[in-house]
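The structure under discussion is supplied below as structure tokens; questions concerning it will follow.
Chains: A, B, C, D, E, F, G and H, in written order; residue numbering restarts at 1 for each.
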Amino acid sequence: MADGTAGVFTPDHEREARCGFAEVVFAEGKTAAHVCSIAERIIDRSGYVLMTRVRPDQEEALAARFDDLVALPSCRLALIDRRPDGLGTRNLPADEDLKVARLLEGGIGQVMVACAGTSDLPVAREAAITARFMGSAVQLIADIGIAGIHRLLAHEDDLRRARAIAVVAGMEGALPSAVAGLVDVPVIAVPTSVGYGASFGGLAALLGMLNSCAGGVSVVNIDNGFGAGQILDRINRPPARFS
Amino acid sequence: MADGTAGVFTPDHEREARCGFAEVVFAEGKTAAHVCSIAERIIDRSGYVLMTRVRPDQEEALAARFDDLVALPSCRLALIDRRPDGLGTRNLPADEDLKVARLLEGGIGQVMVACAGTSDLPVAREAAITARFMGSAVQLIADIGIAGIHRLLAHEDDLRRARAIAVVAGMEGALPSAVAGLVDVPVIAVPTSVGYGASFGGLAALLGMLNSCAGGVSVVNIDNGFGAGQILDRINRPPARFS
Amino acid sequence: MADGTAGVFTPDHEREARCGFAEVVFAEGKTAAHVCSIAERIIDRSGYVLMTRVRPDQEEALAARFDDLVALPSCRLALIDRRPDGLGTRNLPADEDLKVARLLEGGIGQVMVACAGTSDLPVAREAAITARFMGSAVQLIADIGIAGIHRLLAHEDDLRRARAIAVVAGMEGALPSAVAGLVDVPVIAVPTSVGYGASFGGLAALLGMLNSCAGGVSVVNIDNGFGAGQILDRINRPPARFS
Amino acid sequence: MADGTAGVFTPDHEREARCGFAEVVFAEGKTAAHVCSIAERIIDRSGYVLMTRVRPDQEEALAARFDDLVALPSCRLALIDRRPDGLGTRNLPADEDLKVARLLEGGIGQVMVACAGTSDLPVAREAAITARFMGSAVQLIADIGIAGIHRLLAHEDDLRRARAIAVVAGMEGALPSAVAGLVDVPVIAVPTSVGYGASFGGLAALLGMLNSCAGGVSVVNIDNGFGAGQILDRINRPPARFS
Amino acid sequence: MADGTAGVFTPDHEREARCGFAEVVFAEGKTAAHVCSIAERIIDRSGYVLMTRVRPDQEEALAARFDDLVALPSCRLALIDRRPDGLGTRNLPADEDLKVARLLEGGIGQVMVACAGTSDLPVAREAAITARFMGSAVQLIADIGIAGIHRLLAHEDDLRRARAIAVVAGMEGALPSAVAGLVDVPVIAVPTSVGYGASFGGLAALLGMLNSCAGGVSVVNIDNGFGAGQILDRINRPPARFS
Amino acid sequence: MADGTAGVFTPDHEREARCGFAEVVFAEGKTAAHVCSIAERIIDRSGYVLMTRVRPDQEEALAARFDDLVALPSCRLALIDRRPDGLGTRNLPADEDLKVARLLEGGIGQVMVACAGTSDLPVAREAAITARFMGSAVQLIADIGIAGIHRLLAHEDDLRRARAIAVVAGMEGALPSAVAGLVDVPVIAVPTSVGYGASFGGLAALLGMLNSCAGGVSVVNIDNGFGAGQILDRINRPPARFS
Amino acid sequence: MADGTAGVFTPDHEREARCGFAEVVFAEGKTAAHVCSIAERIIDRSGYVLMTRVRPDQEEALAARFDDLVALPSCRLALIDRRPDGLGTRNLPADEDLKVARLLEGGIGQVMVACAGTSDLPVAREAAITARFMGSAVQLIADIGIAGIHRLLAHEDDLRRARAIAVVAGMEGALPSAVAGLVDVPVIAVPTSVGYGASFGGLAALLGMLNSCAGGVSVVNIDNGFGAGQILDRINRPPARFS
Amino acid sequence: MADGTAGVFTPDHEREARCGFAEVVFAEGKTAAHVCSIAERIIDRSGYVLMTRVRPDQEEALAARFDDLVALPSCRLALIDRRPDGLGTRNLPADEDLKVARLLEGGIGQVMVACAGTSDLPVAREAAITARFMGSAVQLIADIGIAGIHRLLAHEDDLRRARAIAVVAGMEGALPSAVAGLVDVPVIAVPTSVGYGASFGGLAALLGMLNSCAGGVSVVNIDNGFGAGQILDRINRPPARFS
């Protein structure tokens, strides 16, 4: 193949038809050149692409190749959106906090992403941007950890407006249980690698969430904000045949 | 308190209002007497109760106290249903296979529970009965593991009829990834403790599922069919305010 | 030595002077005969003895040797108290629930033992009886787990009356964090081995508690109610030189 | 919000009232800008702030914003104290050893922080400074590990003057057991990540401490000197309602 | 010895006679000087040498000493081949993708190396080059992971042409099971360290592969492409006494 | 379905065509009734069936249903063979040692199963019987562990007669490395759960084998003799299209 | 072979010549019949045999075959000694405590076995009997754990009389470090599986001992008293060529 | 104290008297200034000092302070020896290989250090230099791993000349078992962190060595060459009272 992906990338052209969204590029472990080639193949077919775990050198190469690239280095995402009804990716502010806020505007239905502490924010943003990019309206709330339980209870109304909730937490990972005890919708728990020594890179939070005593909690991989965002969207925006 | 649960059980009377379903009794580690007392308190208020991880001595004590108890020892469930529109629990066949089939009739919407091997059936049944008891219509498919991938592909139409799918598997726990690559709805992965030595009681399947390369997969605890069933129902039968 | 403990038991006669309480017998892994001999040696010197992790055969042998033995098989404790100002161990009710309640009466100061679920009760009782036996007044509250956070908040006044609080929980072990966020006294977290597969015998709760995001929490070994009880007492009843 | 913490930080204004001390900032995983903003919010309300796990870039940004910042890079702490009766933070010596010694002067009651080896000193200092900042008088003793048990015994009088003792140790983590066998007050064990390969980042010391055969020992997370310091203070300086 | 390997390297001169291939140099943990000396000793005797896990500084030193060195930095291999019937290592293209393609030409019999994702390509190439260097004809197929199972099925004919198949995958490591269910030849599974947090450096894939529900699967160490390549060759090119 | 396997068992009728051998029944976790039904379905189609991990109650039920059942309780195998050119299963001796010896007679090509100690014999026999049942000639050698390396060297000729070798070992699992250094054919390493405490149920042997410094070693699950036997056969008796 | 060990046991006739002691039988995982046959083979050649990890059914079969069998069920040892200068095994008392004391009389040089608690006694006795059976004079001291460090210091003279010391401990496994800090001879640390939940079957003690901060400590497997005893003897009674 | 170690270092002046060698400095985690001060204190008293795990900045500071420092950066050792009968540390060659060879000359008795591969050499040298510095004559043999067992057998005579043997190995850690089966003296096994992914930083080798099927093997921490060297010396050069 002329574009250099022969023997490297086997496109799954039917992914969008089967699963509702084109292939997402997991950039880790790939060369910058391969990421660019793969992104091009996906855009050519689908008109949009989402890339996760993007390293600085990959981001730089992508920006050189695609002038409409949107990069969010704090959460290691990059995306291109040429869909007519896509995200508004023109004239975004340079400041990343403001950029995230702008990208999260709009969307359909309602999901929530909540995180326990400010240190969990990168993963929470990965989840929120993913769900929004896939079409869902997203509310993002930060820093409502269980050590100040009143902060969580103050958001009870917000919680009940969401069709599904992703809860992002490191350390003991207890927030999903507290949230799940307050709502009647699915809770997607996302452990993060934030914590002192015996968090063992997020293992403590992961085990805590898997053992939640509250009903309705399922768990994704450590720091996997992307996975949680996609599930939120699948619950919130069911395929047309179910609506 | 007269019924013996003082200092033992603190009822959460608002659970049904907040979370859509009354408290479920996790029987493990409780005395048979305490399980009976707790069950009585819940039935008195809600008219139904679901008990998981029921030991034979607990089942016997429950059967002696409640003559409308439905027991499913193969998956360690017991339940009582006095709701007017509940499950048909009268005149159930004695054979447990037939009893499960009868209990799974009816329900609203559509979810699926699929398991990789016959050895995973007890956990799959726990998930299916839970979702059905909560109100959902459930299809249960057994023994479509990844070593004979054609068996899975033969069920592609069934898979696409479901609003959410629980996939139960032990050993390497690969089935959820294969299923998730075929559908556009959430997949709830349930690892089981079935396997040779290095399954480490289900840890291998658990890690496999958490690391699924396919989008839309979240995971519950090892052998936690109950948890998966409840999530299926929450996705399938959204609270009234969302419909 | 005539009593059979030669080469088996090296008494630490100064333990009570140094540490404020005579040696406690960890019965696990000992023969019944050795437990009896050791208990006798301690009683002869101190007038009381506490034994933990007592097996039925050990309890039987102790009861045959000591007619004032108090046994609590549900939490595997046995004790003898011949101190003039000791626990009232005469005429105890046969029912274990009532026996525990009676033994917990009295004491100095105030500590609390709270547990997340009824399945954690044996460990919570081990902690409570230990603290009471050492001299502290103890309040025991059961089943206020985090899935129904309002149950915990309803006890806020009780929590603030205690000079120290032991929080006993299995599964994700989140209750200590929630409690610690409400109080300004030390919280001793006790993980239990209660839970589904990936609790890994209490490891999930242990890690959760060690990673508590709330200040003031320290942790003891899995199912180690005894250890927690002793610490409660040391905080609540400081040595005379500090009062 | 004007100060940039909107969507990033949810202040817990009642923390000081509930728990006796304002929120402490865990700096790990936060941007320098966010740490500054959060610190400002807390100082505005409480007049003091403690920050742990501070990176050099965060320390630099804090020093640029707050000219009364006290930084202790060897133990990764930073603090600001504008309380009338606070620590003397003016005219501190530049040398960090001397600075620590000066900050530890004064305080109420008596607690001890002991560490096994010189390599454990950073964590021990984190504990000592925390306890002192919260109000307690603190004695810090270094390098009395168990391989030279006579060094420990030489401090028996010091040990018995303390109302509570934090024992900091890496490698096999045995020192807390030896200390606890000598005293009748609570011992807070702090495992450190110091050691050869099979210390597994402090896991060996953590497990050793959790399994202490001596009574009165509870454990905090690996390298969590801050947590230990706070518990020392809670034991040493009980809330007014207990004194 | 004059060449500097005395006390450092004990040559195993009979390795080629016993095991069919000269010693392979595992470069990790060795100085560049020692790697050069060892390589020289092996070439002198056998006329070829394969080096794995080569660091940049080692590669540089080797290139300075041997002008016919072939280096493949993306998979950390280096090799020298002076056999009359060896690989064609003259005039190789500079581009590494093309160089790999050229080196894989030729060979005897047929084996396959398949990898799940582009991120697994370095390990897959290590396996393929190893098998080819030892004499086997190798087909390398990339990016046919289980999330798009149709990509795998499209290669069913290729799979059945191979006498043995190495399947390289990270994350959940499910591809070997799917492949093994389609063929009647041995499958060598190679877990890679590619993945999110709970892949634990390849442990998830490793456990998944060890627990494969499909027959005929055996496993090598994480990222050990070399090992898999050698086994492929041993199956494909049996010693002369078996043919 | 009339035979009771509806909803329980999905036959994979093409397994034999795709993979060269009919489905093997993993009996663990199945009811005796289900094992019987499944066995019947497979025999009806293929004329033979192999069952692994058979419990005594399952063996009893099978023996009652099939009068030509061959049971080997020491290695938990059961099999039925009605193939014209199958194993001679008539008039087998009652003694299990003799029965194993008789069943291992005959077969095509040559493979070896070697085990380190007598305690590893059950797993070694599972491997040997599996390979023989699939068609291969098998030599079984016991008790040649690495602590007496001369015993291994005495078998060097036998080792070199085998087209592939399964090496079964518990404890440190070192035997496969020693064997692989002597031969030029593939070695399949089988860790067993035999050993003192820190063997952790075979984990030590498993890790040892995965880290073998000798080339040509791949590994199957702990105690998975069946898996090793099948791989031996696939290497030894290649599909017709390769011969 | 006539005695039934053909294909089961490969005798290592030169073991005694090479290693100074005949093969020791690890009985775990062997049938009673095989243990008897193997024991007979060893006795016939060497005149003595030591068997470890003996199950009751094996002990019974051995006693039926050998009327001079000495069984110590509390530490799972069995031995036969027909050496002219062997242990005195005639007319041993029936009581196991007394039997152990009698067997430990005599011997050459001096080693010590010390254990931390009475619960560690079975493993300590396994070590002591092994060393004595091999020829060494052994002193056994029980229950000198680190929580009462004065008990250890009281034995300082005994410690310094020993040429090597085995220290047996469960829980945190700290005793070896304390002992090693007092002596100038090798210390062999033996972790036991005694302890609460997070001892993880002896893992905590094992890691503690491996991380000992004191010089001169090496470690054997969990509960492996036999291994420690043999090392004590090898240090205490060097081969003739060294004396 | 004037030299800056007040509050940092508690000298154990009696260590040499009790344990036969002055304190050894574990440099990891200490500042360069503290290492210098501590070294000075020890030299002043004992006339020699050994420092392990020395970082480059520490080595530089030591060299600036002590002009008779001997540094061995490849094994991270530094030492000063002013004993009249100490090592010859004057006029050492600059080349580290030659320097090690020179330092190993001389000594009393005979011990051996053997390592499996060249990559294990740094740890083996740490062991050898330590034993030699303490007084023992040491032979160091490299690269005799188990994959070429004949290399080991060729050293059988050397092995039998040693009073104790340290065996250093990474990967599967099998070499100690093979060595121990050939000798009748104690074997000290040293696992190294050399290996592919599933060596888990030396855990595989550590577990392998702990589970050795050969008698006489005890184990030290991963990469702890120092510890092994000290034990070799304690076995080889017994305290005067034993000779």
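The criterion applied here is as follows: a contact is a pair of C-beta atoms (placed from the backbone, for glycine too) under 8 Å apart; a residue touches a chain by one contact, two chains touch by 3 or more.
This is a predicted model, so every value here is computed, not measured.
Taking the mean of C-alpha positions as each chain's centre, the chain lying farthest from the centre of subunit A is G.
In this entry, subunit E maps onto subunit G through a rotation of 180 degrees when their C-alpha atoms are superposed, rounded to the nearest 5. Subunit B and subunit H have CA centres that are 58 Å apart.
Mean C-alpha position of subunit E lies 28 Å from that of subunit F.
Rounded to a whole number, the gap between the C-alpha centres of subunit F and subunit H is 45 angstrom. Contact with two or more other chains is made by residues 117, 147-148, 170, 180-182, 195-196, 198-199, 203, 206, 210-211, 215, 221 of subunit A. By the definition given earlier, chain contacts exist for A-B, A-C, A-D, A-E, B-C, B-E, B-F, C-D, C-G, D-G, D-H, E-F, E-H, F-G, F-H, G-H. By the touch rule above, subunit A contacts subunit C in their complex via residues 116-117, 145-149, 153, 170-174, 177-178, 180-182, 195-196, 198-200, 203-205, 207-215.
Subunit A meets subunit B in the complex at residues 18-21, 24, 160, 163, 180-186, 188, 206, 210-211, 215-221, 227-228, 230-231, 234-235, 238-239, 241-242. The touching residues of subunit D, when paired with subunit H in their complex, are 74, 97, 101, 117-122, 140-144, 147-148, 150-151, 170, 194-199. Of all the residues in subunit G, the ones that touch subunit F in their complex are 4, 7-10, 12, 14-15, 26, 28-31, 34, 38, 191, 193, 201-203, 206, 221-224.
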